[in-house]
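Okay, so subunit A shows up in both of these, paired with subunit B first and subunit C after.
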Partner chain A sequence: MFGLVHLVPGDPVRLALGTRFSQESYDALRERSGLDQPLVEQFFGWFGRALTGDLGVSFRSGETVTSQIAERLPATLTLAFASILVALLIAVPLGTVSALRPRSLVDRVATVISQFGISVPDFWMGIVLILVFAGTLGWLPSGGYVPLTEDPGAWLQRLLMPALVTGVVSGSVITRFVRSSVLEALGADHVRTAQAKGLGTRQVFTWHVLRNALLPLVTVTGVQLAYLLSGVVVVEIVFSWPGLGQLALQAVQARDYPVLQGAILLFALVFLVINLVVDLLYSAIDPRIRR
Partner chain B sequence: MRTTRLISLGAVGALALSACSGGGESVDTGVDGGGGGGDNTLVAAVGAQPDQLDPHATSAYPSFQVLENVYDTLVVPSPDDLTMVPSLAESWETSEDGLTWTFTLREGVTFHDGSEFDAADVVYSYNRIMDEDLQNAYRFENVESVEAVDPQTVEITVSQPTPNLPALIGGFKGMAILPEGAAEEYDLKTEAVGTGPFTLESFDASSTQLAAYEDYWGGAPELAGVEFRYITEPAAALTALENGEVQWTDNVPPQQIESLQGNEDVQLESIPSVDYWYMSMNFAREPFADPLVRQAIATAIDRESVTEAARFGAAQANQTAIPEGNFFASDYAPFEADAEAARQLLEESGVALPIEMGLMVTDEFPETVTAAQVIASQLEPIGITVDVQTVDFATWLDRQAQGDFDAFMLGWLGNLDPFDYYHSQHITDGVNNYQGYSNPEVDRLLQAASSETDRDTRKELYNEAVRMIVDDVSYLYLYNPNVVQAWAPGLTGYTIRPDKAINFEDVELP
Partner chain C sequence: MSIQPTPGPPPYQEPDGERRPETPEEPPGGSPQRESRPPPTLRPARPRWQETLSLLAHNPTAAIASVVLLLIVVVAVFDDTFASEGANEISVTDRLQPPSWEHPFGTDDLGRDILSRVILGASVSLRVGFLAVGFALVVGTLIGLLAGYYGKRVDDVLMRFMDMLFAFPAVLLAIAVLAVRGPGSGNTALAIGIVYTPIFARVTRASVLGVREEVYVRASRSVGASDWRILTRHILPNAAPPIIVQTSISLAFAVLAEAALSFLGLGTQPPNPSWGLMLAEGRGFIELAWWLAFFPGMAIFLTVLCFNLLGDGLRDVLDPRQRTQMAGGSRAAGAAAAAETGGNA
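Then we have the complex of A and B:
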C-alpha cells in the first residue's frame, strides 16, 4: 500500500509550491516534509509510528492525520448509517413485495425503481434534489453539515438530501438481493413442507422465508455499509458534506501521502470490522453456522 | 478528477432543466444560514477549503481568499489600477542609485493579539521567508538586507535597482507582516495573528469563520464577521446564493453568466482579470524546434473561437500576455487566423506532414481541456494531428518539469508587474522557461527592463522583448479571462478586483 501510494506519478512538493518558486524553496520544503529520505527509510519510519497510532502529519495542512480523520469521522458515520437506514427502508418492503408477486405490476414497478436507482448518476440526482428542494421549493438548505450535538434540527435538515441520494443507490442494489433471496426461499422444500403442515401464510413467511432470506441481505448490507463508510466522494462534494471521501480525494489530488495512507488504512480496517460483524450476525441468524 | 468534471457538466444539464421548468420566480426560504449566520455575518461560498493558513507557506488561492481579510502587507495594489498604494507603510522612497528603499511605517497599528506593530515585525517577517526559504523567498532574490532603522522606519537594500519591489512585497498576502516571534508562539497553519480587519475565529472542514477586529487601524468593519463556507459544486453555490443562505460567491462557471444576468436574486459582475492563458511548444523536440512550424500553428489558431469555447465570452482574446488597458500592455498582434497562410509556412519549413502533436492539458482547469479540443480541430486541416492528453495536475506539473511534452496549455494568474508576466517564462534558463526558449536579445531586454526605474523606458523595453517572444512563439498567447463573482442584491461596499483579491472590509449587508 505504501509503495502503491508513492508509485503514483506527481510530486507533492511541486504541487504545494504551485508555479512560482525557487529551487531553494523546493529543496527546503522537500527536506521539511521528509521526502528527501530514501523511500525504504520513509516506510519504516511511517510504519513504526503507525504502530503507535501516529499516522504522521499532512503535507498539505500541517495537521496530524489522526486529527484530520477524527474531524471528519462524525460526518461520515452520520451519512453512512442514515443512508443504510434509507436503503433498508426502501429495499426490504420493495424486494419482498415484488418477490411475493413475481411478474405482477408491483414487481415491474419495483424493478423499474431499482433500475433507476442503480443507473441514475448520484451527482445528477443530488443536483436535481438541490434545485428542487433548496431552490424552487426552498424547504431545505442546499448543503453543509451541522453536528447533531449543536443543533438537531439543522442536522436533520442537512442530512435528508444526501442520505436520500446514497440511500436510493444502495437501496436499489439491496432490493434486487432481497427479491431474489426471498424468491429462492419461497421455492425451497422446507417452505412447501411448512405449507403442507397447514401453517398460516404469515407464519410461513416470517419463520421460514424471511429468516432464510436474511443471510444474503446481511452480506450485501455489510458490503454497502463498508462502501458508505469509506466516503461517498461525489455526494459529499455535491452537498458540501465534510466526510472522509472529500479528505481522501483532496489527499489524492495533493499527493498528500500521509493522509492518503491514513485513509486507506482506515478503510481497510472498516472492511475487516464489518466482515467480522457480518460473520457474527450469520451465526446469530443461522443456527447451522454455529456448529 | 474525472468526477469533478462530470459534476460540472451535470450541473449545466440540471440547471438547463430547471430553467425549462419555469424557475425564475423569487423564492423565499425559511432556511437560516446555520452555523454563524444571521447576526450581521456575511456568508461567502468559496470553491474549496484553504489547505492551511500560514501566509508565508501556502500557495493556494482558497487560503488567500481568507488571509486577504486577516493580514496586511506594507503596500497593497489599489483596487482600480493595481498600482501599489500605502497600507502598513505610509510612504516610501528610493535612494538615488535605486539600491536602498526606505519605508515609513504607520503608527498606532496593533496585531490581533494586542501587540504593537513596528519595524522589528517587518524585519522578522521578511527574514522568516528568506531564512527558511519559504514559498515566496524568490521575491527577495535581489534583496540583500532588511533592517529596522528606528521603530517606524525599515530599510531594504537591493543588489540591483528593483523597480517592482513594491509589487514583490505587496502583491498579495503571501508577504504578510506577522508579529515578531509569531512562528514560535503560534501554530500559524491553523492560527492567525495579523493586523487586518478581521480575526480568525475558527477553521474546520466545513468553513472558516472570521470576526471583526474592533481595533483595526483602518476603522472597525461594518460586518460582525465573515464565514467562508466551502461549496465545491457550482449549482449548489448558486442555489445557496439565490435562496439567501450565502451572500457572496465566486463559484460561478462562465457558462452560467448569461442565464444569471436576468436573475433578480443575484448581482453578477464580470471584469477583465490580470491572468492569461497560453499554449507553449517544446523547443527541444522536433519539429517544434522549427520557428516556422510554431508560427504556422500560431497562424492556424483562431483565438476568438478558442476564447469563446473556453470561457463563453467571459474573456478577451490576446496575442500578448498583458490585458488591454494596463499601462504596460502591448498592441502587437501579428497573427491572423488563416489556414492557407499556415499551410504555406509549413510547406516552407519542409517538415513532413502530418505532424503528430501531443497537447498536454489538465482537468484541474477544465477550460484547458475545452480549448485544446478547439485547437485540435483548427490544426487538423493544416496537417497537424493533435492528441489531447488530459492528465491530473500533479502529473501535469511533473511532466512539465521533466520537459516530457510536445506542447501544453496553462495560465499565469495574479500577475501585477510586467516582470510577473514575462521574465522567468522567457529568459534563458528562467525557472519557468519549461519550453526551453533562448534568445540573447530577449535576455538583454528582459534584464534591462527588470532594473529600469523609468516607467516609460521600462514599457518600451518590455514591448520590444514581447515582439520577439511573440514572433518566436515562445508562448502562443490565447486570452485574458474575466473575474466572475456574484452576490446578493443590495450588498454594498464590495469591489470586484482584477487581481481576484477578496476584501470584505467595507461590506455592508442588505
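Then we have the complex of A and C:
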C-alpha cells in the first residue's frame, strides 16, 4: 500500500511550491516532509507515527491529515448510513416478497427493478435526478452538504438525492441476496417440519425463515457499507458532497502522499471493523456459530 | 500401459472429459478420436455450446440482450460507417441543438452531433471493456488454475496476493493505477483489469477445487498425463462455466468503470468521445440542454444492462447451482466478496 502510493509519478514538493521557487526552499521542504530519506525509512517512520495517531501533514494545505479526515468524516458517515437505510428499505421487502411468490408478477417486477439498479450508472442517475428535482421541479438543492446540527431541514434536503442514488444501487445488489436466501430458507427441512406441526404462516416465517435468511443479509450489508464508506467518489463529485472519496481523489491528483496514505489506512480499518462487526452479529444471530 | 508422446492423444481417454462443452475457453486442437469414436451412451453432464445457445435462445431476456449487444458491437466495430462526419467537427452555428431529424440526439456545446459521438464512444467503451476483461480473464484464470490445482503453498502465496488487491476499494485501486500510469484508454483498461483479476482468480480457484478430485482427472493422472494436459484438457473445460458467467458480468462492470473513470477525467481523454467523458461535459449544461448528458448515460445503461442480463441467462443455462451465490452484476465485486466472506465466517 505504501509502495503503491509512492509509485505515483510526479514530485510532490515541486507541485506544492508552484512554478517559481529557489533551490534552498525546495531542499528545505523536501527535508521537512522527510522525502529525502530512503523509502524504507520513510515507511517505518510513518508507520510508527501512525500507531500513535499521527498521520503526518498534508503537502498541499499544511493541515494535519487527521484533521482533514475528521473534517470529511461526518459527511461520509451520513451518506453511507443513509444509503444503507435506503438500500435495506428497498431490498428487504422487495426481496422477501419476490421470494415468497417466485415467478409471479411481483417477482418479475422486483427482478426488473434490481436489474435496473445494478446496471444504471450511479453518476448518470444522479445527474438525471438533479435535472428533474433541482432543475425542472426546483424542489431540492442540486448539491452540497450542511451539518445536521446547523440546519436539519437543509441537511435532509441535500442528503435525499445522493442517498437515493447510492441506496438504489446497493439495494439492488442486496435485493438479489435477500431473494435467494429467503428462497433457500423456505425450502429447508425445518421449515417443512414447522409447517407440518401446524405453526401459523407468520410464525414459521419470522422464526424459521427470516432468521436463517438474516445471515447472508448481514454479510452483504456489511460489504455494501464498506463500499459506501470508501468508494462513492463519483457520486460525491456529482452532488458536491465533501466526503472522503473526494479527499482521496484530490490527494491522488496532487500527489499528496500523507493524505492518500491516511485515507487508505482508514479504508482498511473500516474494512476490518465491519468484518469484525459482521462476525459478531453472526454469532448473535446464529447460536451454532458460537460453539 | 505406455503413453504415446504428444500430440497424439493418450491411448485411453475418459469419454466424460472428452465430450465436454466446447466452451470458448476450451483450447483448440481437435482430437482425431472425436470423429473416429462414436460417443458412448453416457449423456454429457453439461450442454455443449450448441445446446447452450439453443437454451439461451429460449430465454427471452437473454436472447434479446444478446441481439442488442450484437448490434452495439457491430455499430462499434463499423463506427466510421455509422457515425456521420460531425463527430469531432466543431460548428458554432449548430451548437446546443435539441434532438431533431438531422441530429436525432441533438448537438453539444461545440455543435458536434451527439449520436455520432455516442457511436464513436461505443467503440472506445467496448474496446476498454474487452481489453480489461481479457486481461483479468487471462491473468486471473491462470492464477486461479494454478492455486486451485497445486494447492498448499502455491495456493497460499497466490491467493494472499489476490486478497491484498481485493481489499483495496475498487475505484481507489483503479484511480491509483491511473495515477501511476497516467490517464488514457489503454491504462484505463489495465487499471480495470487489475481490479477484476482477483475475482477471476477466486471464481476459477473455487471451480477448480470442485473438479480437481473428479474421477476423470484422477484417471488421466494415473495414465501419466502431464499437469499441463490435465489442466488444459480436463480441468479448464469443466471449470469453465462460472468463468464464462463471470466474464459477461465483468464486461458490464468494466463498461461502467470506464465511464466512471472517464467521468472523473482519468480515463479517455478529449477530444476522443467516451460515454463517461460526454456525461462529464454535458453535466455543466444539464439545465440548458438535457440531451448532452442523457443520451451517453442511456448508452452506458443499455450496454451494462445487456451484459448483466446475458450473464444471468448464461448462469441459468451453464451453472444453475451458482444462482444463489453470485448475484449482482457491476457491483459483483462486493457480491463475490460477500459469498467469500460468507464462506469464511
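We adopt the following convention: the second predicted complex is superposed on the first by the 269 of 291 C-alpha atoms of A that agree within 3 Å, B and C clash if a C-alpha of one lies under 4 Å from a C-alpha of the other, contacts with A are read in each partner's own complex, and residues count from 1 in each chain.
In the analysis below, contacts are C-beta pairs under 8 Å (C-beta built on N, C-alpha and C of every residue); 3 or more make two chains touch, one makes a residue touch a chain.
None of the values given here were measured: they were computed from a predicted structure.
When the two complexes are overlaid on their common chain A, residue A:I130 makes contact with subunit B and with subunit C alike. Once the two complexes are overlaid on the shared chain, A:P121 sits against subunit B and subunit C alike. After overlaying the two complexes on the shared chain, residue contacts for A:V238 are found with subunit B and with subunit C alike. In the superposition on chain A, A:F81 makes contact with neither subunit B nor subunit C. Of the two partner chains, subunit C is the only one touched by A:F177; subunit B is not.
Of the two partner chains, subunit B is the only one that A:E71 touches; subunit C does not reach it.
Using the contact criterion defined above for the overlaid structures, shared-chain residue A:S61 touches subunit B, although it does not reach subunit C. When the two complexes are overlaid on their common chain A, residue A:V146 makes contact with subunit B while staying clear of subunit C. For the contact definition in use here, the residues of subunit A common to its subunit B contact set and its subunit C contact set are 8-9, 121, 123-124, 127-128, 130-131, 135, 233-234, 237-238, 249, 253. Contacts from subunit C toward subunit A in the complex involve residues 167-172, 175-176, 179-180, 182, 252, 256, 259-260, 263-264, 279, 282-283, 286-287, 290, 293-294, 296-297, 300-301, 304-305, 308-309, 312, 323-324, 327-331, 334-335, 337-338, 341-342, 345.
Per the touch definition, subunit A reaches subunit C in the complex via residues 1, 4-5, 7-9, 115-116, 118-121, 123-124, 127-128, 130-131, 135, 169-170, 172-173, 176-177, 179-181, 183-184, 215-216, 219-220, 222-224, 227, 230-231, 233-234, 237-238, 245, 248-249, 252-253, 264, 267-268, 271, 275, 278-279, 282, 289. Subunit B makes touch with subunit A in their complex at residues 1, 3-4, 6-7, 10-11, 13-15, 17-18, 21, 23, 27-31, 34-35, 49, 51-52, 54, 59-60, 132-138, 141, 187, 189-190, 204-206, 229-233, 235-237, 239-240, 242-243, 245, 364, 392-395, 397-398, 401, 410, 412, 424, 431-432. Residues 8-12, 14-25, 27-29, 60-63, 71-72, 75, 121, 123-124, 126-128, 130-132, 134-146, 151, 154, 157-158, 233-234, 237-240, 242, 246-247, 249-250, 253-255 of subunit A are the ones that touch subunit B when the two sit in their complex.
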